[in-house]
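Each chain carries a letter (A, B, C and D) given by its place in the written order, and its residues are counted from 1.
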Amino acid sequence: MNVRVLYFARLRERFGCAEEQVVLDGATVRDLVALLQARGGVWAEELAAGRAFRVAVNQDIVTPDATVPDGAEVAIFPPVTGG
Amino acid sequence: MNVRVLYFARLRERFGCAEEQVVLDGATVRDLVALLQARGGVWAEELAAGRAFRVAVNQDIVTPDATVPDGAEVAIFPPVTGG
Amino acid sequence: MKIVVQTEAFDLGTEVDALRASRTDIGAIASFVGLARDMNEGSGVSAMTLEHYPGMTEKALAALVDDARARWSLLDVTVVHRVGRLLPGDPIVLVAVASSHRGEAFAACEFIMDALKTRAPFWKKEETPEGERWVEARASDDAAAARWSES
Amino acid sequence: MKIVVQTEAFDLGTEVDALRASRTDIGAIASFVGLARDMNEGSGVSAMTLEHYPGMTEKALAALVDDARARWSLLDVTVVHRVGRLLPGDPIVLVAVASSHRGEAFAACEFIMDALKTRAPFWKKEETPEGERWVEARASDDAAAARWSES
């Protein structure tokens, strides 16, 4: 299935990418993160276990077990620092 | 000794008095209150034990044991309700 | 630090702008405005008159602001309290606290309001359809003020 | 209820006056303004840029205001958050809460700020003498937000 993946702030800069289309084999956030980690380099580094990042599916923050529906908007970003 | 006694809000209205000079035999707030209670009527009623009123000596709220210096400004008033 | 008792209305924006002035070290400003309501204790209130104890009022307000400054790291504080006759919707009291951090600004602002409610010599008299009445002190205000001595 | 994300400056006085409008049932307005500081983590900060996630930001702010309204009895709420480049002293965020009673106004205003700090997708990048840097999330903000789930 296809998902649209957005990156923000430090992760956008590190990945050199604000948005991309990803073809995903699995169905969960964990599957998507594993696919991106497998790219190696900054992807493996920033998305390694223990690194602090957040994932939103269709604009709601979710846990790694959350399902990613086909056509979803997924966003990956650092912990927020507004206010 | 002589003290100046001020009354505020509901007590001022009940006593029909905003300010008076009182000649005091004792030395504490308790002595002054006893003197005023002894006038009877509204004085006895409003200053009876268990009634909620506050006493300030020279503009600081004090307890009944506090000393009243000669020439002091003493104020007797209901619990405050500002803000 | 500004502490004022006045009959005139005040403006929150003006007071907070004065607090900020051209400073760049303030991270947080917590502020509070208390307003005259058209209802209290189940009765309509058409107006209220605020009486105070001139001299002691300013002293009591300064003392409670000093207590707040001793307890939290504050950059500036403004307290304005009105006296005289007020109508529903009129602002009564303003407390604004500037600090580097929001937790301290919030805590100090609420502390000052709670302390003011129990320690500053103001009294309210309300005009209701049943006649005039002095507002009674609330046990909830004593409880709110007492919270700060426990912690 | 007003929730806005904007690049322009806002004015506390104007926002709170709009909240009050001509109402006479509001007893308390607690408000908070967060400002850009000239120092952070021991470095001078000459400017900062706020990035956000358009769409999710508005949704997240609305959700946390809804949480506050479910928890306390509130009459109205305004949240304004700026994005883009800001200088020290510039206002970043405004939260204003109107209620009948001060305890609820204070609690809801602080809750909304604490929740915003951990749930709304904004990120700050600071310009310092050592170069640009992304602000790191603070454990103290997580702790502040967590307080509200305990009670």
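Following the convention adopted for this analysis, contacts are C-beta pairs under 8 Å (C-beta built on N, C-alpha and C of every residue); 3 or more make two chains touch, one makes a residue touch a chain.
Just so it is clear, the structure is predicted and the values come from calculations on it, not from any experiment.
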Most remote chain relative to chain D, going by C-alpha centroids? B
Quick one: chain A and chain D, Cα centre-to-centre, how many Å? 26
Rounded Å distance, chain C centre to chain D centre (Cα mean): 23
Interchain centroid distance [CA atoms averaged], chain A/chain B, Å: 71
In chain D, the residues touching two or more other chains are 34, 102, 113
In chain A, the residues touching two or more other chains are 83
Could you run through all the chain pairs that touch each other? A-D, B-C, C-D
In the complex, go through chain B and note every residue touching chain C. 6, 8-10, 52, 56, 59-61, 75, 77-83
Considering the complex alone, what residue numbers of chain C touch chain B? 34, 50-53, 55-56, 59-60, 81, 92-93, 113, 116-125, 134-137
Complex contacts: residues of chain C adjacent to chain D: 11-14, 16-17, 20, 22-39, 88-89, 100, 102-103, 105-106, 109-110, 113, 140, 144
